[in-house]
Amino acid sequence: MLINCVAYQEGRKLCDIPIEEISEYVKHPDCFVWVALRDAEPAELAVMQHEFGLHELAVEDARVGHQRPKIEEYGDSLFAVVHTVELVDGELNVGEVDVFVGENYVLSARNRSQQGFLGVRARCEHEPHLLKQGSAFVLYALMDNIVDRYFPIVDALEVELEKIEERIFEADSPRANMKHLYGLKHQLMVMRHAVEPLIEAIHKLYGGRVPPVCQGTQEYFRDVYDHLLRVSQQLDGLRDMVITALSVNLSMITLAENEVTKRLAAYAALVAVPTMIAGIYGMNFKHMPELDWTLGYPLSIAAMAAIDAYLFVKFRRTGWL
Amino acid sequence: MLINCVAYQEGRKLCDIPIEEISEYVKHPDCFVWVALRDAEPAELAVMQHEFGLHELAVEDARVGHQRPKIEEYGDSLFAVVHTVELVDGELNVGEVDVFVGENYVLSARNRSQQGFLGVRARCEHEPHLLKQGSAFVLYALMDNIVDRYFPIVDALEVELEKIEERIFEADSPRANMKHLYGLKHQLMVMRHAVEPLIEAIHKLYGGRVPPVCQGTQEYFRDVYDHLLRVSQQLDGLRDMVITALSVNLSMITLAENEVTKRLAAYAALVAVPTMIAGIYGMNFKHMPELDWTLGYPLSIAAMAAIDAYLFVKFRRTGWL
Amino acid sequence: MLINCVAYQEGRKLCDIPIEEISEYVKHPDCFVWVALRDAEPAELAVMQHEFGLHELAVEDARVGHQRPKIEEYGDSLFAVVHTVELVDGELNVGEVDVFVGENYVLSARNRSQQGFLGVRARCEHEPHLLKQGSAFVLYALMDNIVDRYFPIVDALEVELEKIEERIFEADSPRANMKHLYGLKHQLMVMRHAVEPLIEAIHKLYGGRVPPVCQGTQEYFRDVYDHLLRVSQQLDGLRDMVITALSVNLSMITLAENEVTKRLAAYAALVAVPTMIAGIYGMNFKHMPELDWTLGYPLSIAAMAAIDAYLFVKFRRTGWL
Amino acid sequence: MLINCVAYQEGRKLCDIPIEEISEYVKHPDCFVWVALRDAEPAELAVMQHEFGLHELAVEDARVGHQRPKIEEYGDSLFAVVHTVELVDGELNVGEVDVFVGENYVLSARNRSQQGFLGVRARCEHEPHLLKQGSAFVLYALMDNIVDRYFPIVDALEVELEKIEERIFEADSPRANMKHLYGLKHQLMVMRHAVEPLIEAIHKLYGGRVPPVCQGTQEYFRDVYDHLLRVSQQLDGLRDMVITALSVNLSMITLAENEVTKRLAAYAALVAVPTMIAGIYGMNFKHMPELDWTLGYPLSIAAMAAIDAYLFVKFRRTGWL
Amino acid sequence: MLINCVAYQEGRKLCDIPIEEISEYVKHPDCFVWVALRDAEPAELAVMQHEFGLHELAVEDARVGHQRPKIEEYGDSLFAVVHTVELVDGELNVGEVDVFVGENYVLSARNRSQQGFLGVRARCEHEPHLLKQGSAFVLYALMDNIVDRYFPIVDALEVELEKIEERIFEADSPRANMKHLYGLKHQLMVMRHAVEPLIEAIHKLYGGRVPPVCQGTQEYFRDVYDHLLRVSQQLDGLRDMVITALSVNLSMITLAENEVTKRLAAYAALVAVPTMIAGIYGMNFKHMPELDWTLGYPLSIAAMAAIDAYLFVKFRRTGWL
């Protein structure tokens, strides 16, 4: 589905143009065309391939989807795949944005994602002194926008972990904690799969041999790179703490078992000792003087109660009860 | 066993040729010969070595088999070893394809694998504009085909893990879960041994100094490389989750023990308390007024029942029963 | 908030200057201006950006804050982000110092930190032969000061670990140990996030292509680098030991369980055996000679006591009690 | 102990020569001398050092022994240390082969190893077209032979692991499994110490700057390198599985404990319930109608039996028995 | 404290010289001065700094101490920090040797270490043909001596581990084993902190761009490097086994618990079954024929004994007792 198709000159919007005129505008050296697609059909991609002269393998990647984040050079043009991540009902929803960048065009095709980029376009059009740097700046603006949306998600995962940590140390619902930690670990993996390959890819846009189309905008891509490193560092830290939390949870479970065993032992003692005493006075010896005492029965009961009271206090003190 | 032996010119099939004419056709600069063997005998390999002038060490590797995936240069020719992986009755079956590539020949020898490459040949013959890029394109087409067949296997392993995860959190059959997780870990290792060395090897076909025979087809090999990275990333993620699942399973087992202990303690209490009461009324004191009551017996039984009912409710509430 | 704004010439303080004259002094080739801000407002940063001609992206990073430690080149100037770490009530408080360094200016903006740098300025002014090396030396002095403050914190964490270790091996309060170890692991992660990126960044100031502004002061930055490596090594060691301590703690908990179980079993035996004997003499057989003995009752009690005494000694010896 | 001392010309054996003539033959540019020592005495090494002009440090390494696998250049000559590994009575026996290689000599000194290299010499002498490549080919042949003997050992370790795996999942002898896994881990470490350093060392004989004496035989060393990578990969895989097996074994032990606890609880119930009933009918109430029934006793016994039978069936069904 | 101050010419000792003449001798191109200090005072270092013209930062490092092992270039001179390790009463004592090396001087300052280097000096003076290579050879001799003293320590740690292993598999004193393993892990960390940074540092003295003062002695430093790699490999292996041993110890503890539980259950059964029988014959039913038998009592006791004997044998066979 076509969202926008606009020509720009000197960083200012010229006009919306029909698709078939794209190849006209692309010829002007001081113009560039910025097209945005959403969940594009193969047919739409085929048209774009023809208008912009895109490379077959890149278009096939965009058609098939489910690529790793990457940035590939095809001659003078770039093909970038970036993952969008949204947190929907506690689940991570991973979308994909494919961006084709040439000297004077940008084609972005967004898939399986609710996030739009109209805000990016608006911001770019309000800053013509930046936008006139051309298509590479648009690529930067798109990436910067996507990467900046990673932060609140990582923060949400961090909050989630803090909640679980609290429950772990209160020995509360260890089974659920384990399930949540496992789920969290999975989500961190999804995030990392979005972030790590992109770090490597974007590095090539500002260090070493920079693709011609990105010459002069290196500092912008270094900025995105730096943000990605920050996300990555947070993810690594979270991952490390999740693993530790899993092992702490196991320790807490074992510890809880210790305490159950102790309590069980204490209560068993409280029952067993009177039973033993009752057993003794249930013996059938002829000569058991206590049995004939008038107060024998109440005294025996009192003895049982006294011993239990003593044991109870002792167990309390040693923390078994 | 010889499967095919075909000469191509300008990307179009010329004709099936007998083995002994191979060396004739190989001399034509605009021709190339594509031979496919299956579970080749040493004698067949010896003939091929003679016809194509293959290097001794490469032929020995193909004869012995069980090589790591690799791509080696011998002068102007390449020798590639790629592992095929098939999922047969839940077991991974690893085969091996050895490909010898020269300026104008391709010899593929497939071993211990059910997968054929007739489809690859058919696809190539239908796209002469691609096939005319020569033997390197055939190498690409073979590799691409093998690598693409990795994806459904990794997906199957992923589904397998999800099934086990479910059973783990339902605390269902922990012993079987462990066995399956162990088996899964082993299969991931097998897959990784097929994938990781190939990533490294294929990198050399498109980056840095590219072997002469692959000049001009780098973008195709980069595409295979990218697919392999995707498989590798999935495998790494799976491996990480399997390890976590193993540790979660241990925690669930320990947790189950806690619960057994608690339940055991609760039931023990339900029996021990009446036993204690019965013991008390089994004492032989002369003066035990309750014993003379007409309702003494039913009251004592009622007391036992009442206490047990109270305990039962209490245990239920604290989750011990 | 402006803390200082001073012009220096030949390593000696010239005078405090008003902000609006900065751009004057910056023009003198033999002068440099050193400005210190604290929790700067956006407006203040805007003024500084104008006076020093700072790069937009660097100023935005300083405005937004919460950057990773890093050192970036913008043309001839440097932008450095360093984390300050303070230990306040057992919690790590992470602040941030942003330093802009040009040929003849240094602007440091400190955020969320109690640590001041007046001492650094005083030390520099007392050593004009060093300060005359210019703005790079000021950057060194600031970094050196911040990094040197890492050591007491790492030492404090080390002491903390030693305390926990002791408690672990005394099997004392395993739950609290676990909580402290977890907290310690988290603090190590915070420290590492301050240290690791800085190591990588500072390496570029003395090895390989050194930024022009740091030419001639490489040995100083190597010194800071070396200190950071020391901190990093200590952190790595601590982290490794914390992980081991967590696992040892689990083992100690399991071991404690063993001992509880053994003690429980021993006490149970001490009660169960007399109960069994009492049960035997509570049987109603007609012909039980012992029952008619005058000393039957005391003898049976004595037997119970003797057996328990025997068991008690035996349990003590095998360490069950 | 001297094993052999032979001069070769053009790949063909010239004659056995006495040690003192070595320095004569070494002067001929088209000759090379191949000497084999076994558990050489310092005096023998001193003679060799003099005859071949070996470097002091290399000779000292050979004299002291217990070196890491390595390949060092001393001027135009090479000094290689390779570990031999033999499986003797289930124990790994590590020997050492020191090889000095010059333009026209090879000196191999084997220590603490039963493996001889007469087979290597015989094979070389049967292939003069290969042997005429000179001393580097002999180095290759020795290394290839040693490395090829690693495979059956790794396979034996793999078989060992499979046996232990089986016993683990049958919950058979967990203590012995642990001991075997620990021992296996140790053996893998020994193997890895033989293999890993050699990989790194041998890489330098075919990639990058190749030592002059190995020019023209790179493809042979790449072959050895490739075999080593295969061994290394197998070792890594084994190591990974051993670690997992250790953790699975722990889980199986914990699981076994669960089952013991359950069974214990079930049997305890089978005894405790009749005891309770007996206790009730042992009470001394005046008015207990059942006690007067003629069938009271058999009925009570029947009730006990019936309850136990019911419990037994129930426990069986839930898997506690 | 000054230990020695000697001038050498052509590898031969010239004479002991007073400190104030050092700067004289240093001017002779064919002389070099070798000074050894022990636990030097700041004042002594200041004198040396003046005599040799040492760099401020290097001297400060030596004064402050507690540096990482490192080798730094200051212009034409080197500053090396190496850790000495001694095993005193089972504790590792880490000392520090700071070595300043210039074209014609060596200054070694040893701190917190009992190890002297008189032996090194003696050995050097006995081999003038080596010593005449100058100050770099002295640096080598010192390093070689320190590094060679690492080996017996690592061997001692290995022996320690073997002792603990034995106790683990005999399930002997698991608490002490854990403590020793933890301590061992800590000692390995200390050793590693001495070894790892030095490996990296020393690599620069023989590979790539070698500092001018070390030209011609690369092979000696490669030898030290190689020894360090050997130590490092041993340390890595030990560390790996310690971690495994810790986890095996946990498994052994869990296993011991299993056995305690089983034994406990068995003994409980031996007591509970007679108690139940006694309870049955303690019931007050009017019609219990056994009670009237003359042999009732001995028969019941016999039955109890018989059942216990049967159970005892059965438990023995299944290994519960």
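Think of it as A, B, C, D and E in the order they're written, each chain with its own count starting at 1.
The definition used in the following text is that a contact is a pair of C-beta atoms (placed from the backbone, for glycine too) under 8 Å apart; a residue touches a chain by one contact, two chains touch by 3 or more.
All values derive from a computational prediction rather than experimental measurement.
**Student:** Between chain B and chain D, what distance separates the C-alpha centroids? Give it in angstrom.
**Tutor:** 25
**Student:** Counting in whole Å, what is the centre-to-centre distance of chain C and chain D, each centre being its mean C-alpha position?
**Tutor:** Computed from C-alpha means, the inter-chain centre distance equals 41 Å.
**Student:** Residues of chain E that contact two or more other chains, please.
**Tutor:** 247, 250, 254, 257, 261, 268, 272, 275, 279, 282-284, 288, in rising order.
**Student:** Looking at which chains touch which, would you call it a line, ring, star, complete or other?
**Tutor:** Shape of the chain contacts: a ring, since each chain touches exactly two and the loop closes.
**Student:** Chain sequence round the ring, chain C first and chain E second?
**Tutor:** C, E, D, B, A
**Student:** Quick check: in the complex, which residue numbers of chain C touch chain E?
**Tutor:** Those residues of chain C that touch chain E are 165, 169, 219-220, 222-223, 226, 229-230, 233, 237, 240-241, 244-245, 247-248, 250-252, 254-255, 257-258, 261-262, 265, 268-269, 272-273, 275-276, 279-280, 282-288.
**Student:** Which stretch or stretches of chain C touch chain A in the complex?
**Tutor:** Chain C reaches chain A through residues 55, 57, 61, 67-68, 70, 72, 74, 174-175, 178-179, 182, 185-186, 189, 193, 197, 243, 246-247, 249-250, 253-254, 256-257, 260-261, 263-264, 267-268, 271-272, 274-275, 278-279, 281-284, 288, 290-297, 300-301, 304.
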